[in-house]
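Following this message is one structure expressed as structure tokens.
For clarity, chains are labelled A, B, C and D in written order, and residue numbers in each chain start from 1.
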Amino acid sequence: MNFASDNTGPAHPRVLTALARANEGHAKAYGEDALTAEVEARLADIFEAPGAAVALVGTGTAANALLVSTLAAPWQTVFCAEVSHLHEDECNAPEFYTGGAKLSLVASRDGKITPNALRARIAMEGTRGVHGPAPGPVSLTNVTERGAVYTGAEVEAVCAVAGENGLPVHLDGARFANALAATGSSPAEMSWKAGVDALSFGGTKNGLMAAEAAILFDAARAEELAYRRKRGAQLWSKHRFLAAQMSAFLEDGLWLDLAAAANARANELRAGLMAIDGVELLHEPIANVTFARWPRGLHRKALAQGVSYYLYEGPLESGAEDVRLTCRLVCHWATTAEDVGAFIDLLRRG
Amino acid sequence: MNFASDNTGPAHPRVLTALARANEGHAKAYGEDALTAEVEARLADIFEAPGAAVALVGTGTAANALLVSTLAAPWQTVFCAEVSHLHEDECNAPEFYTGGAKLSLVASRDGKITPNALRARIAMEGTRGVHGPAPGPVSLTNVTERGAVYTGAEVEAVCAVAGENGLPVHLDGARFANALAATGSSPAEMSWKAGVDALSFGGTKNGLMAAEAAILFDAARAEELAYRRKRGAQLWSKHRFLAAQMSAFLEDGLWLDLAAAANARANELRAGLMAIDGVELLHEPIANVTFARWPRGLHRKALAQGVSYYLYEGPLESGAEDVRLTCRLVCHWATTAEDVGAFIDLLRRG
Amino acid sequence: MNFASDNTGPAHPRVLTALARANEGHAKAYGEDALTAEVEARLADIFEAPGAAVALVGTGTAANALLVSTLAAPWQTVFCAEVSHLHEDECNAPEFYTGGAKLSLVASRDGKITPNALRARIAMEGTRGVHGPAPGPVSLTNVTERGAVYTGAEVEAVCAVAGENGLPVHLDGARFANALAATGSSPAEMSWKAGVDALSFGGTKNGLMAAEAAILFDAARAEELAYRRKRGAQLWSKHRFLAAQMSAFLEDGLWLDLAAAANARANELRAGLMAIDGVELLHEPIANVTFARWPRGLHRKALAQGVSYYLYEGPLESGAEDVRLTCRLVCHWATTAEDVGAFIDLLRRG
Amino acid sequence: MNFASDNTGPAHPRVLTALARANEGHAKAYGEDALTAEVEARLADIFEAPGAAVALVGTGTAANALLVSTLAAPWQTVFCAEVSHLHEDECNAPEFYTGGAKLSLVASRDGKITPNALRARIAMEGTRGVHGPAPGPVSLTNVTERGAVYTGAEVEAVCAVAGENGLPVHLDGARFANALAATGSSPAEMSWKAGVDALSFGGTKNGLMAAEAAILFDAARAEELAYRRKRGAQLWSKHRFLAAQMSAFLEDGLWLDLAAAANARANELRAGLMAIDGVELLHEPIANVTFARWPRGLHRKALAQGVSYYLYEGPLESGAEDVRLTCRLVCHWATTAEDVGAFIDLLRRG
């Protein structure tokens, strides 16, 4: 029973098959192979964005850092949630790739930035002229780091505030598919139609080995993105193996099926948790990430039996048994109903 | 018949098998899995360097940029061959990762830096105090970009000059295995025993999908390397898939067998070429990369028949038939004797 | 009546005299002149720190950015007050000079960081391993941006928390002299004896034209500081004109006299303000910077009559007359008792 | 007798007078004072470029680094002479300010880039796609580092090559006034009319204390330049003291008079040198910088008698008396005819 992260789960078998298929014979290096061109076109198609520029990379942090640095000048500040991956989990990669831009943290609700909070934060930053940083792009995360999900309308409302201020919008979509599966929005509705300029389209967390797509909906800066990728040491030489992963992902909607499966398991998990006395759900989760609280004693028992998940509060070892501690539980495409059931049983037995 | 690059060839089947094997169940993310620890230890063992720090990454440019930035302060200059990959093929990644260090180009013979040339270049740079840049690390490439190979003794002689000046040494070993196979040196003899402080240990060109190891022989800066990797957006979340590739590579000496095979094919190729009138070999090649010259007309015929390789001079389309143009021919682990034979036949027929 | 900033005031006449004196004949460029050596030695003497490394520069932001980048690695975060100049007024210069380090904002009281707040902030940042940034230097400001002053003991208490965590300390002393004048501490007591590793020793705000000293109390990184200054384009060619300013400043304690004068005027100002109904002082000011609040109507009258100072709240033009708005009032060495008196009279008349 | 550099000479008395005049009363900080606006307008006027954006800074390296970073993307390369100040004397400041752009060195004649050499160098760099760097701005220096001078027509011819390739042009004019005085070109003819986009307009070497103007002839990027200056820690708070220097410089053509005086002394010096047996002039000097060669023995005598100048070859102490060594001799506005005469006498006596 492993709910530590969607990163701890395996790749889908069709991804391995695609790698094997792509492994035949020779292919041009550095993204000039036919499969890469095909996958880029397929992504543009799925997003109803014929002009989009696509750059495949191996990590989500790379997609974020490349896109944010394409949108932000070094003397600007990027508006993002105080709990965003960009700020908390990328070891200054955004600052590095932008050449020293700042991140201005926006207080969020469940990881979601509200239009009012954003408007206030932009107003606060925009008052110091050259002493400032200048206001720069807004970066959202959907699914958020707290497991909440923006609807397409909510993304649009935040983008509208960015637009009022002439600022572009980046969306960190490491779990973009899960957000679509949870809301029923189309890829385009959740991105450029809502006002998003650049999307980190996640793959690794959702069944790939190591593949993400950095997407710019306006191709005017496509060449810049290509140079930035190479300069960032993110351009794979045997690029067909990035393309093959993404190709399998997109084929027959596998990517959406995998996300739907993960969300379904998370829904079962939440139904089970809510039926247990002393367990509380946080942050209105509707996708594959769940935050919950329950007594320390119960955490001790669960973790002692080998279940994996992240405690967000502590300490585990000492303190009153009945104090409730927050944890995060993530389901992924390969999480089984049996795993979920067994975990709920374990908690229920207390 | 594809001699364009070792990047255009496939991954070895045992690599795919290893990926499938690693794909079972859960594994800790971000390099904290057991397979990663095992592979890092195995590398230290192969290099007889128990204290070495290892960071697996997906691209050779990443390994180079991370290591060079660990060795070079931003106000220093890196001494490298004028034809080095670092300078010519990484789109300023070294400058980016170092925060703006300079590269001081050393005139090379066949891509090899001589002790005297290096000594003179360091002396020239070290005369301007704070107006300078300060002299920084030396970076060698073995196999060189022109296909020549440093012997262990030659590496040692260059490192000695660096040492006289208190400068550390990086070795770009994208084709390190080919250099070992060509010279019979041991991994340690060709690296730290010769005075190398940091090695980019190549895998992708030699049969992996996307995996390289950045190795620091002195672990004092291991933590810095780990932070730099994450900050560079180079830390894979499903890290087991980097480890699995490297594990297959190291098992039973596969990495050396693959390099030996590539070198053997290149030897056959060179033997064939030398027997053809009007064909000339350049740069004393002994590994898997060959530079040669032959008449433009012969290039036209070969390329028209679908052979792939890089022309280093041009133009192909216009100009006298009998002017000799330089090209590069690369063999890799999967290049077949038949391919080599067919290509030689094709050229021989003229 | 100008209380806008100590930057809006003039240079002291002895500074001009010193420039004229330094202007005779030839002097070595780039800081190799005799006057520079003399001034550097004089500073080390004043700080009872014979080993200190000194770099004169033209702006306070340069002193801060150079010192912070000497103390902080690019993958670290700098702990500073949420109102610090470093964060709010330097347009990402710290991020630029450090190569992309982050600033972690510590909630302050009147711009002063408390040991507990710092301890908690460091603990919060130090939990994410390579995903983090790593904890880096602590940066204090004395006099703070809100006009409050750390005593030497308070600086020591904050430095102790940094020390527990192995972190170095920078002190932004743009108004260092005013802090000394307000507390009676010696230069050494307020800096290295309290645990400060690096000091931005301000001159411009206190009667110079454009001269600050970046001081490292441990000279081990003196050479790095020298290279960083040149690389940052901060090394004056006719360096004697930086040195001449600083020389006049240090001669016969002029720097302390000027700060004492500014503080004295601010004390008169505060005494006057406290006697006026409806005027409230903020942040326990004891040096030359005063924050106060009074009714909007009174601000309108004062500003309409040509007094200069910064309103920190607004709007001025619209809104109820009797709502109290915060402003900042700065006295400098040349502020006269007459100016202060006239301003108090003006406010008293209402 | 000091011919070491124009940086070793004094500031002009009118500069000191202007500083004293500017020192009265209060002035807005950070460049918002009236004198700054006046000086910026005056510069635009002198250059017949009403739309030009001007940023005053304290060092020539700052002007160069700010302008080059405004023109060059981090993944580009800057074309400059192999002897340029940008490359040889700024300790990686261009690499730092651009965020890691490369410098591509163009072989020059006397520090002058020829159209053909530039065309060839651009062609060579533009062949590697994203592996590149991409071709970026061209940077010229006039007067060159070897004392030669481009005519306006020569600048235009080089700019034309840049234009053919869509590349902008920067001109390092640390000695721009001396180039005008030597050629009779107008400021506009030597800059934007010839195709220059950005000019480092030197002041310090020509009689100021520390003041240069970074000029962008197209104001579209004026705001960027302003942010870059502040982010680079180059914005003076008491900015009136930068403006005052520049104001005195521009008043009644002082800047041109000073350059003309320096050039005149250099002409006298060269006339004297040419009349001495065994002395040879290099690089066709016509402005205030002279390179010459004469026997080692003669250098020993001159330097032993306290004359200051830079030897470009050595060693001085050992070696045959009659081997000729190269040196640089710089005249500045305050160099006297007596100094020149005495030096020539000294050499003539041998």
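As a convention for this text, a contact is a pair of C-beta atoms (placed from the backbone, for glycine too) under 8 Å apart; a residue touches a chain by one contact, two chains touch by 3 or more.
Everything numeric here is computed off the predicted structure, so don't read it as measured data.
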Subject >> Reference chain D; chain at largest CA-centroid distance >> reply: A
Subject >> Between B-D and C-D, the pair with more C-beta contacts >> reply: C-D
Original post:
If you average the Cα atoms of chain B and of chain D to get two centres, how far apart are those centres in Å?
Top reply: 41
Original post:
Per the centroid of Cα atoms for each chain, what is the distance between chain C and chain D, given in Å?
Top reply: 34
Subject >> For chain A, residues contacting two or more additional chains >> reply: 30, 74-75, 90-92, 96, 99-100, 130-131, 227, 230-231, 235
**OP:** Provide the residue numbers of chain A that touch chain B in the complex, in ascending order.
**Re:** 2, 4-5, 7-11, 16, 19-20, 23-30, 57-62, 64-66, 90-93, 96-97, 204-205, 209-210, 227, 230-238, 241-242, 308
Subject >> Contact footprint of chain C on chain A as seen in their complex >> reply: 74-77, 88-92, 95-96, 98-103, 128, 130-133
**OP:** State the interface residues of chain C toward chain B in the complex, per the touch definition above.
**Re:** 30, 73-75, 99-100, 130-131, 134, 224, 226-231, 235
